[in-house]
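The structures come next, written out as structure tokens.
Two complexes are shown next, each including chain A; its partner changes from chain B in the first to chain C in the second.
Now for the complex of A and B:
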């Protein structure tokens, strides 16, 4: 079924046999647990149990075993194994892995169909957001009144770290995962992703990484926030080892996904789909993928070095051995700031798409939109040290980094220009995706303006480490990215399911989340400006009222998200039928049947115009 | 988006057509992927060298190649060991220096990596000109053998990294200076790459022996060669850096 299999002899394989055809998520977990346990047992047998690092060593063995076992169990290594012995998959094998005629079972498997992977990413995103959201509620409940003891303080610290990283992982994949897989290949006129097996590998590697990250909650002892600052990370318990391995495994997933996305777009576009005709969502996907390829190697390296300090007694971040925490900070933030835009850019790309369709107008200044996204990606590589203004690292570089950070407001300003320009005097269709789009615009203004304050060194010296910073980046991630992701879900949901997301439930969800965001993070800004530090499990009476309000707002957000979840689940089978092109859009994903068939197109289309020629009669197949 | 579903379908069309593109098209796609993976690997290598040069540059407490303490007895394994005490309790602390890693061994591993890359490159050229898949298979096994030797020597390198015996109050452990730490992660990264090359080399050897790769279907040989040559180039860059920039004067 795929275009990557040209060297394969296309003989039909006998049907129904082989262990590989019995692999699914359960055998994946079984493999992970068995190999993890075996590695744990081997570690106890071969390692010196009196060593100070024995526990860390055991965790290293265990996590490695879990990952490899999970890959083996789910079937991710079948392809490389068969490549090694020169017995490539047959056409029948490929169709099997693509889930042909397997119904819903294919969603529980290592399935190579990009649409199945897209749906699996939707579920994975929901799981990560759900887990991170529950932790957020626990954190806010702890903070509802000063001196509360809803959770133990060490547990609270662990919640802070794992909540942060779960949400970061969730938002990295929230748009690029589901829609980068489900719609981007169809938008290009491709039958699948360039490398379908790598596509499935990226998804299931994320599952393996998420398993490791969630284990941190069970073993505790992660006390230094999601950035896991050195040298505190060296002193933490074994939760840190699980955390670091989770990140290393996760970066494998993102690297593979990024390469796949870029190759798909650059080499699999159908005839006539020039770069100038690419839907803007596709541009956002490849820019974010390229930025991820630049950023995530730093992430895996810094976590590998943290592990080595803990397991092998190296001294990267330990001053007594000649190391320095600044190295960790530099490497981490070299990844950390581009990562923000790896998250943001696909959401913005989806919103450009939605604005155009819902306003029945072309994307305003298409090239400016691309320049904005590319400019943001480029600038994001030059701003990392603004996270370190108060650490004392390279004070002489403060000015240049302040400048580059403030320059970020230019490409983000272009985003507003493009969205508002697209909506301007449009015949706006106020459906659910549009509602979330307007919510994004409002929140992103607040996120952007407060970011300018924080980029100024004198103000940052006052606000760094306070709840003001927390409120700012939650306006970015929740108020902007999550709103964009939900808008994208509402927009493409009918293409996945053939049904609309319930308008009433969707609007109830919107207002709960929208008002909740303003209440939660508005009050949090005030707490921060009054000096309340981040990550504390208790606080002075001075901050009592604003924290109470913040917690109430957080509950509203959770309620809104639960309503949305209910709508998504209910409408999947009981929603109003939407037909193949409910928004009367022009891009290719709307011109194929719903749900799109395996390989998407019976015959590949030839593109003769750009996707935003609204106002002209649509030409459909 | 206006589309024309009737024009020029022959290149893609047919129920089964379009799913199986010409090998050149697939090869182009795979080459792009390899270059992107190499791009990611270049970032990783740059980050490794950044780590090395940064730690050498800051030389925290003068501990790039030393730790504070008393020289101690040499212990098993030929490693350099030293006592390291809580600095505050030392009457007359001195810096216990560790030596540089043997440049000869470092360059031996590098040259073996480069040699294996050249073997693979040469074998691919010969395959494309002579169409002799059997020879190609044999040559791949030779490249794998060279790679395995490089892996073994890399482990020897790792073993030779001097540890320092650390005793702080009642806590005792082994530790590494930042120079040694940096070398360990660099060598560790090289080992991971060499294992990957060995896997790919074995795959090429078996596949060519089975005729999956041959004089007409050599695209995968080129893909692997691209990555193999990059690993060789990165080995030279890293070895040159760590050989010529190490001691803090």
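Now for the complex of A and C:
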């Protein structure tokens, strides 16, 4: 839609217009609620109310109505709708949907500008992290002393699942969402994503899914951890139906986003931007997107089957009907392990970029960096059953899966080599992004080493299902991915706002979160080694001290994140002005004005070398 | 490579590496066996030993990365205001990449061989006279029965020095059967029987905890067990049979 090369005439801001010009997030919610309610009413009329699956069926109608209504309300279907009736968008329409001359209003609506979508993803990540974080605080407060009754036990069990799922969603989008949208197209020298409407659709579909997921808290009864293991899922109330539909809607969002990222990088690169000249961040974005396209269909499949078991009386996962929970576990982890690297790889790509810019040196061994990320993505498809070592499924496959899992340490080892090699004898500029980068290095070592234990079956037979596992993957997700995401935020924040993130507040936040992570998850490792299982609402006196310490550490992390949030909000309007290229970097996003104009470039640049030659006068034409 | 920086001695880094490795090895040797539950079987012993071995193997790698990072923080951080000037570019160093790959492959292969060996030992044969115990999980209790007798018990009583084979199933949903002092666990699945074997080698009490989330009272699905000497076990079994 943005074939602007042949179109140079400036277009007037659209005047008037029909209902379609008044759509925004509020009409989206209105549409979702109205359609959801209408579907609910229809379901009550057409369905057999005596059926034991009646309430599940109603939820299916309701969630479907909500999603479609939300799309209609926000205007996601306007483009294709008009095309269907033979009135395709004009250039003025396209510019309207890209938010031209609409100020902050454009952030509240279905906007096709990739930079607006990027900012919307920042907000969305913050909302998801905030909601998940509040649940984490509730969980830790419940566990501060044994036998505490801060929240009801059933509610607590629901919190465990929703905390997990919210945080997974938050981290899936934490780097790939904001920066995969905001900077990756500019890095390629593109005027926008390949499919700008799909781009906006992926963001707003995520909002619809998050709405469904938060509804789970309202209707209660999702008491089986975020993996929603079968057959316990069949016991749950209607919260399970909302959860499954949230996931199905979410996978629509990731699929659309993944296809869009890959198409953008493959087809929209400017002249001279060969694959070998791409900033390494772009490689991480497409590798993660491709891996997501492989992984997430399993997620919607497994949730669809869970729904069918509940709504249509099938027995995919129910033993009494001839099914097996092991099928659910296999499908879930076929998604579950690649998903970890869908989350990790963009964060690592951003850190490669940051290490290079801040050490004023090229990325050490660019090819090794790509090989590491691609190798990790490839291997991740072959390791899923290490999550099932103790389920009793196929004990004879233990050895082979142990092999593939331990091979993971080769590509992850390359990440360290590339980062340390990039810092090696550099002139390291110690600014906020660099601080978080060093925090990442420290935590990712701990995450990696403890992962090796769990890949080994004799150890896993002891530690599986304990807090040790919880601590391990929190070192991966909080200690590593979140640190990478925050480093990326500090790094590209000046590009979005034209202002630096406040150095002092940023460092206070860093130390609170960094020490908080060591305290929280360090003590959690000890709880696990001493034998405390996961997902406990209460525990024996034996685990008293380490749990108390973990809770204190968790409060520190929360305090640090709140300081960061305050800094982000405050500096958006009051931060120190940064100019267009504060880090003196050479990749294209730094060479356009700040904030980048609609469609980014007046004239598309021609690329003659990769962006890592620092200290050379760049030829700009 | 005429820059002063490039002639800079890396001695400090090697010392840090050495010291951190020693600290790492000491932690690896002492901490796991101190923290983990009392070992009551060879499987548990093997779990702890493997954690120690893996930690010792990982210590030099982790220490190396930390030493390089600390050295970078000490020597290579730009001092003064403003943008640091460009550093000498190092785009490729195939030798370093090759050494790194060889070292990490050797370590991984070692871990793998050790792991597969340990797994084979763990899975070793069950002897010629194993005791069979049927384990059934349901929300939120375990029950144990001893085939060939009429004994059913809410706690698990095992003889010392004799291999026990557990046949595990569930009446409702999936539970995780874990003997926290013996380094063994497997899920209890409805409609399927999973097996586990272990040879208790110490007398005393042990804990059984559910490791698979199973609903409201998951946290309270705990029970204890006892390892008795072979004679005590036989007399326990007889008294229980008479009761039943």
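Quick note on the criterion: the second predicted complex is superposed on the first by the 602 of 621 C-alpha atoms of A that agree within 3 Å, B and C clash if a C-alpha of one lies under 4 Å from a C-alpha of the other, contacts with A are read in each partner's own complex, and residues count from 1 in each chain.
The criterion applied here is as follows: a contact is a pair of C-beta atoms (placed from the backbone, for glycine too) under 8 Å apart; a residue touches a chain by one contact, two chains touch by 3 or more.
This is a predicted model, so every value here is computed, not measured.
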{"item": "Chain B versus chain C as contact partner of A:613, first or second or both or neither", "value": "both"}
{"item": "First (chain B), second (chain C), both or neither touched by A:301", "value": "first"}
{"item": "Which superposed partner A:319 touches (first chain B, second chain C, both, neither)", "value": "both"}
{"item": "Chain B versus chain C as contact partner of A:526, first or second or both or neither", "value": "second"}
{"item": "Which superposed partner A:125 touches (first chain B, second chain C, both, neither)", "value": "neither"}
{"item": "Chain B versus chain C as contact partner of A:284, first or second or both or neither", "value": "neither"}
{"item": "Touching partner for A:331 - first (chain B), second (chain C), both, neither", "value": "first"}
{"item": "Partner chain(s) touched by A:604 [first = chain B, second = chain C, both, neither]", "value": "first"}
{"item": "First (chain B), second (chain C), both or neither touched by A:442", "value": "second"}
{"item": "Residues of chain A that lie at the interface with chain B and also at the interface with chain C", "value": "319-320, 324, 326, 613, 616"}
{"item": "Contact footprint of chain C on chain A as seen in their complex", "value": "153-154, 157, 160, 223-225, 229-232, 235, 319-320, 324-326, 359-362, 364-368, 390-392, 395, 398-399, 402-403, 406-407, 409-410, 413-414, 416-417, 420-421, 423-430, 438, 441-442, 445-446, 449, 452-453, 455-459, 461-466, 526, 529-531, 533-540, 583-584, 612-616"}
{"item": "Partner chain A, residues of chain C touching it in the complex", "value": "5-6, 8, 32, 35-37, 43-44, 46-47, 50-51, 54-55, 58, 61-62, 65-66, 68-69, 72-73, 76-78, 83-93, 96-97, 100-101, 104-105, 107-108, 111-112, 115-116, 118-119, 122-123, 168, 173-174, 176, 178, 180, 183-187, 189-192, 194-195, 207, 209-220, 222"}
{"item": "Residues of chain A defined as touching chain B within the complex", "value": "1-7, 10, 52-53, 83-88, 191, 194-195, 255, 258-260, 262-263, 266-268, 270-272, 277, 279, 293-294, 296-298, 300-301, 304-305, 308-309, 312-316, 319-324, 326-327, 330-331, 334, 586-588, 591, 599, 601-611, 613, 616, 618-621"}
{"item": "Residue ranges of chain B touching chain A (in the complex, touch as defined)", "value": "1-5, 7-9, 11-15, 18-23, 25-26, 28-30, 32-33, 36-37, 39-41, 43-44, 47-48, 50-51, 54-55, 58-64, 66-67, 163, 166, 171-182, 184-185, 188, 199, 202-203, 206-207, 209-210, 212-213, 217, 219-220"}
